[in-house]
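Residue numbering begins at 1 within each chain, and the chains themselves are lettered A, B, C, D, E, F, G, H, I, J, K and L in the order written.
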Amino acid sequence: MSQLKLLVIHGPNLNLLGSREPGIYGTTGLSRVDKMLEELSVGQGCVLECFQSNHEGAIIDRIQQAKAVFDGLLLNLGAYTHTSIAIRDALASVSIPFVEVHVSNVYAREDFRHHSLVAPLASGIVVGFGPSSYTLGLQGLIAVLRAGGEHV
Amino acid sequence: MSQLKLLVIHGPNLNLLGSREPGIYGTTGLSRVDKMLEELSVGQGCVLECFQSNHEGAIIDRIQQAKAVFDGLLLNLGAYTHTSIAIRDALASVSIPFVEVHVSNVYAREDFRHHSLVAPLASGIVVGFGPSSYTLGLQGLIAVLRAGGEHV
Amino acid sequence: MSQLKLLVIHGPNLNLLGSREPGIYGTTGLSRVDKMLEELSVGQGCVLECFQSNHEGAIIDRIQQAKAVFDGLLLNLGAYTHTSIAIRDALASVSIPFVEVHVSNVYAREDFRHHSLVAPLASGIVVGFGPSSYTLGLQGLIAVLRAGGEHV
Amino acid sequence: MSQLKLLVIHGPNLNLLGSREPGIYGTTGLSRVDKMLEELSVGQGCVLECFQSNHEGAIIDRIQQAKAVFDGLLLNLGAYTHTSIAIRDALASVSIPFVEVHVSNVYAREDFRHHSLVAPLASGIVVGFGPSSYTLGLQGLIAVLRAGGEHV
Amino acid sequence: MSQLKLLVIHGPNLNLLGSREPGIYGTTGLSRVDKMLEELSVGQGCVLECFQSNHEGAIIDRIQQAKAVFDGLLLNLGAYTHTSIAIRDALASVSIPFVEVHVSNVYAREDFRHHSLVAPLASGIVVGFGPSSYTLGLQGLIAVLRAGGEHV
Amino acid sequence: MSQLKLLVIHGPNLNLLGSREPGIYGTTGLSRVDKMLEELSVGQGCVLECFQSNHEGAIIDRIQQAKAVFDGLLLNLGAYTHTSIAIRDALASVSIPFVEVHVSNVYAREDFRHHSLVAPLASGIVVGFGPSSYTLGLQGLIAVLRAGGEHV
Amino acid sequence: MSQLKLLVIHGPNLNLLGSREPGIYGTTGLSRVDKMLEELSVGQGCVLECFQSNHEGAIIDRIQQAKAVFDGLLLNLGAYTHTSIAIRDALASVSIPFVEVHVSNVYAREDFRHHSLVAPLASGIVVGFGPSSYTLGLQGLIAVLRAGGEHV
Amino acid sequence: MSQLKLLVIHGPNLNLLGSREPGIYGTTGLSRVDKMLEELSVGQGCVLECFQSNHEGAIIDRIQQAKAVFDGLLLNLGAYTHTSIAIRDALASVSIPFVEVHVSNVYAREDFRHHSLVAPLASGIVVGFGPSSYTLGLQGLIAVLRAGGEHV
Amino acid sequence: MSQLKLLVIHGPNLNLLGSREPGIYGTTGLSRVDKMLEELSVGQGCVLECFQSNHEGAIIDRIQQAKAVFDGLLLNLGAYTHTSIAIRDALASVSIPFVEVHVSNVYAREDFRHHSLVAPLASGIVVGFGPSSYTLGLQGLIAVLRAGGEHV
Amino acid sequence: MSQLKLLVIHGPNLNLLGSREPGIYGTTGLSRVDKMLEELSVGQGCVLECFQSNHEGAIIDRIQQAKAVFDGLLLNLGAYTHTSIAIRDALASVSIPFVEVHVSNVYAREDFRHHSLVAPLASGIVVGFGPSSYTLGLQGLIAVLRAGGEHV
Amino acid sequence: MSQLKLLVIHGPNLNLLGSREPGIYGTTGLSRVDKMLEELSVGQGCVLECFQSNHEGAIIDRIQQAKAVFDGLLLNLGAYTHTSIAIRDALASVSIPFVEVHVSNVYAREDFRHHSLVAPLASGIVVGFGPSSYTLGLQGLIAVLRAGGEHV
Amino acid sequence: MSQLKLLVIHGPNLNLLGSREPGIYGTTGLSRVDKMLEELSVGQGCVLECFQSNHEGAIIDRIQQAKAVFDGLLLNLGAYTHTSIAIRDALASVSIPFVEVHVSNVYAREDFRHHSLVAPLASGIVVGFGPSSYTLGLQGLIAVLRAGGEHV
């Protein structure tokens, strides 16, 4: 089983996870989430890197740089999920399989959070489990990559 | 860690999983999915039951009977996801936490599959991982129930 | 004053009335509602029968069987109010005057509860009085039938 | 059982009831409706007053004056049902429970009659029974007030 | 040829005609318009009365009072054209043939002026000729009434 | 008072006027309408020509040929009123003042007849008076042209 | 020419054909329609079976059971045409060519009857010929199957 | 059984049938279709004429000329199906029963092909059977005409 | 610095300010607001008059009477903000600069409060500061008027 | 480099180019545009023909005749760009690469000019450069054809 | 009265204020605005800092850094007002009261400027007073903060 | 002929041109495009500079810096074409003529690519010619600038 290289990208305001609107997003901070993901990926024989930015352009840059370097992406694009065609284009450009995750249940919130511009391109989507969305998403991503992109 | 009682409900046409439009739904049959879920739940100290029906009314009946018997539901409502307010009402009536799963990436398909009537009530949603959507969803459901409905 | 034969049809999840979301639907159970309706109809010189089902098809069957047997229908179709063209067609097919009732104020709830497919065919509509919606609706139905379908 | 003070408000063109489009509204005149309501309220130990105006502003004035004087309102706002946010605001301002009634089945008529701006605030709604909508509505209103605003 | 009794109703802000936004409405004042209409109607053997109000309710009252008194109405309802279902109902209630006129070309202005609530009930509509809309509308109204409501 | 040259254009199916759906369009034939218009224009010191075609392109050709020849147009574009941007462009291209007329009350018919593509460019619009729409429209057109395009 | 096995499925309320709203659906009963279809199919060297149900779930069950048994389906899904994604999915799952028929002209009726969820998957659609829609549809179905799914 | 006179009208681009996008429209040419229709009509004791044009106006002219000459029309209006109110008006003007056919399944194609302006007026509609749509449509048309416009 | 004459107009239900839904509108009464505005205007060398009405027509009358008398208007039109084209027309007719204010944050409330018909004509808009919206709006109005309508 | 045969088609009202609304379309006449295009195509070793019509049907005829004769089309369809599905179908039927041009910037004009029915099929689109749109479009067309339909 | 710390954030293109489209935005430069705000805040015993960026991400960063440092924000987000859910989320995350201001009257401009994503969260909104929007907004912000977030 | 200074701005993901989705965007890299543009501009006596960024803010900064330095802009804004009001505002702020280009035919792709926020302000638009869109756009830009912004 070859070693997979995985990149986690957290979008805008996710650096505040844990302190930000805890009624919606819970109290687990981002560094603890990243730690959980690293431990999980080590246990699965994978290498994992994490990145957060509030800048749409910086996220696009990071996705482009991932080309031919990373095998899969785990993305929580935050608000850019709903507004950034440019990030969608970056994902289509680099052709790396990715999983989309959301901490809160976006379908129980404002209408403008119900539509994701990147979901149609995703290998899988996990929504609403709190920080567990990340760990479930990572497991799903690894499963997809190990299966060669085919559903088992 | 108390033993959880879990009910899996498969909606219309999911009895054909594996043979039905394999380009979209993969080749894994429903009995194998149920088996995977049972093994996974045993490993987690849970009891799991599976149910499939093509009848909206039968699914409502089953949800109502689950009240005070099951601790959590894992639901793939198939096409009723998009049309059944009655199933939504049943879920609200019994107040059992549930996770919604979809085998295919519904956001990459027809517009009428993009809206779920039950999603706003779900404890979590898993979409597009093929049969793995079920196993990830089950893990997420157990995590939610063990955490007492709180995100960890 | 001839004796009228009346049929009450309760749609999906109304069997849970009294225990289901009591903040919305109150605490009076369905059997007590049926009892109230029977007493009221006896007092008015009518015969009344009650039926509940979670199955759209079973409700259609029941409406069809009512043809030439019952003089009027009292309907709380629950969620099928908003989605079932088939029940609307059944009502149009049997041509029995009916009254539509709702326990909760559907206009104070989600948008998808604001539209009734059967309302344009109804002899009258009663909404939001709690279980009293049924008794008011029954009184209205009897008045309509006694007046020969004409408003007095 | 305390005596309730009730106010009936008839909106625009309801002074023509009985002569106005009798195919839609029937042939019972407004004074006879008011008489029926008075008799019914006396029988229930209530005091009832009636008011009609074609002026939106006059209806708002009357609602405001009802504050702390009347226990409940029975409203047929006619066309203002569909257009007057100002009357809605008046009702919210005085916080008196009210029942909304319509003589004709508004759902069987033009689209612009299908939406009521005041319905979400109503204690109950009665539609389409002809003049009986008023008497059923009044019974419902009294029931609601006697139950302290709670559904029984 | 029997003498016809005609009523002209000018809606809100038409009392300012001539001084109000002359680029849109021209410089002819309302009294001159009324004079023109009276002369024209005398010449046609008709009796004509004029009324203006900024109050929706007052316009409804005036329409109701016209019942069985006037043979035809010439209406420029101004802004109430687009918002008043209550005036539409008054017109339907009294069943007097009417012609709708507008001084300006409402279709060359804001979107909210493109829809008339009363037009579907009108015997004819004249738009955009400046004050001549009134005189053309009056001629058309008389023609319609003389023809017994039939197109010749 | 200079002699005006006027062109009447009748659109598709108006050649059938009088025999076509008489309940909607009346029983007066097109030749009689043209005759009425000619007499009226002679009486007003004008020269008038009439043209009918079922072909959108032929109507555009005719409008273009009218440039610098005719002083005003009287148009009943029939169904092309609602669909032809090309005719609208032709009218804008030749810059000849025109009046739009309709025999029937288009606002009392199907939704797709409620919108006119040429109305925003018209000097005036007359709708629903039967064949009198033409004569009123012609009077209005002459008045507009005599006033030099200014409302009097 | 091989013998074809064909299944006719009648949806909700079609068991009332002949007695149901005869102005819309005609007076021919369902058993006579079935008889006509059987005779026609015998004449064409085919075997034909008929099924009617008011239950969406039962129709799905029947479609699934048809897999690998029937060569073609003739469907009049009644009201489920417009609301059942689940039946559409069943049809896609079994991959049997089908023809959709409607007795009445659905495009001349309410807006909600203008959209068919199954039409995009149909081999052909026949609408509005009364019971002849069935016989024409059957002929078309046989032609399509005999031509191997290719248009001739 | 009296001899019926039937007119077939093919709209724009149908002269290219057989060579035009054969994946969508098949390879049968228009002359062969016309031949098939003639043979079929002869066999049914009817006289049939065929007409094709790319010009909306020419189609309207042809429909008008058919008045009192032909007993029924078989129409494939191609793209004008979706855009021509003028052809709809022509059909309403001549009051000849007609059947609408389409070679391809328009509901499986672009959204703008899903709406037909003439369908609400049709005696029947046949869609998607390839050239067989014409022969089925002709059979249906003859059946409708022989039955005197009544469904049998 | 010339003395400015200013008129404050309060729309429907604002006479109840202070007692009306205090969670939304606060507890400051209208007379205290008017007093604050008078003191502020005196301090700025202005004369200020206040007017409140629940009648749309009375507000139009008042705006018309302000013509050539007042230099500026401070308007809180309450619910008429969202429904009254007639008040908009009155404001356009008198051409007096005005500032629009709202006590509550209308954008945090129902959708129908998000659109103002008069805002496009306003010199400035102040929303959501509670009664301070009035004092800020008055300061803004005076600044606009002193600057001759130009932004400084 | 083989000689290319190119056809330019100008739609409705483009024969008036130069005199028509010069503020929008400029002052260059169509004959000068055609001359420019011919010179440009000669310089590129191509043969070019020009055609203008106000008739939708004539444009369709011309496109059909171009099949197997011309290698590429340069189209300014004017208003038919926005309304003609029939021309779109003609273009799809003949499968000749084409470039769409517009003289004015249609996106800076009315909403109904923002949508082109043929753009999705075009090899390229040039908008808003005045008559230069034609010459740029022609260059682009030749480049596309020389490159064998592939982008270089 | 405690000293308040206030942060002013100017969004994209506001660095060009004074030179940018002066007909819309006036001729006062941003440095002068900042100066006015500083003087005003000193006079009110507050400390004020100003920040401008064209980068959505930089604005989010700045809002996040303001947490627990500033007491209130004065925001003119320019175009990001209408498109940035990410900035809205940042504001919700830091829970600092803010006032939204706009120099121009956005409601008198393009439709896409009529909707603000942050307005529902604002303590107050000031629109259209030119640079005075800032000074009025600052006064309002200080008033809100001094009143402890309560309307006075 | 004065020397023009031109700036080319490439938006997000255009740095990947040539490798990114070659089926849509072709195989020519951005550096080769820039080279082609430079050669072309030298040949036309112009100076040309190129800039690419994935950051919306950086593009706004660059546009602002171009003010009074560059005579014209050639823009391919990629995904920001459809979402960035801020870039539109920057373009309006600097008042430099610009041409908008797109490599792919955006009208043949997803709906969200059909609307450009900057197109209404452009001097010209070139779409779908592959990299030739740039060279055609540059030629068009130079022609527009040389003509002083007037169409020739």
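FYI, a contact is a pair of C-beta atoms (placed from the backbone, for glycine too) under 8 Å apart; a residue touches a chain by one contact, two chains touch by 3 or more.
Model, not experiment: these values are computed from the prediction.
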item	value
Contacts common to subunit E and subunit H (chain labels)	F
Which listed pair, I-K, D-I or C-D, duplicates the contacts of H-J in over half of its pairs	D-I
Geometric centre distance via CA averages, subunit G-subunit C, whole Å	32
Averaged-CA centre spacing for the pair subunit I and subunit H, given as whole angstrom	63
Euclidean distance of C-alpha centroids - subunit G vs subunit L, Å	55
Centre distance in Å when subunit B and subunit L are each reduced to the mean of their C-alpha atoms	49
Subunit F: positions in contact with at least two other chains	55-58, 83
Pairs of chains in contact (touch as defined earlier), listed by label	A-B, A-K, A-L, B-C, B-G, C-D, C-G, D-E, D-I, E-F, E-I, F-H, F-J, G-H, H-J, I-K, J-L, K-L
Partner subunit H, residues of subunit J touching it in the complex	55-58, 60-61, 64, 83-86, 88-90, 92-94, 117
Of subunit J, residues touching subunit F in the complex	11-13, 15-16, 19-21, 53-58, 78-80, 82-83, 112-113
Contacting residues of subunit B [partner subunit A, same complex]	25-26, 28, 103, 105, 107-108, 114-116, 119-133, 136, 139-140, 143-144, 150-152
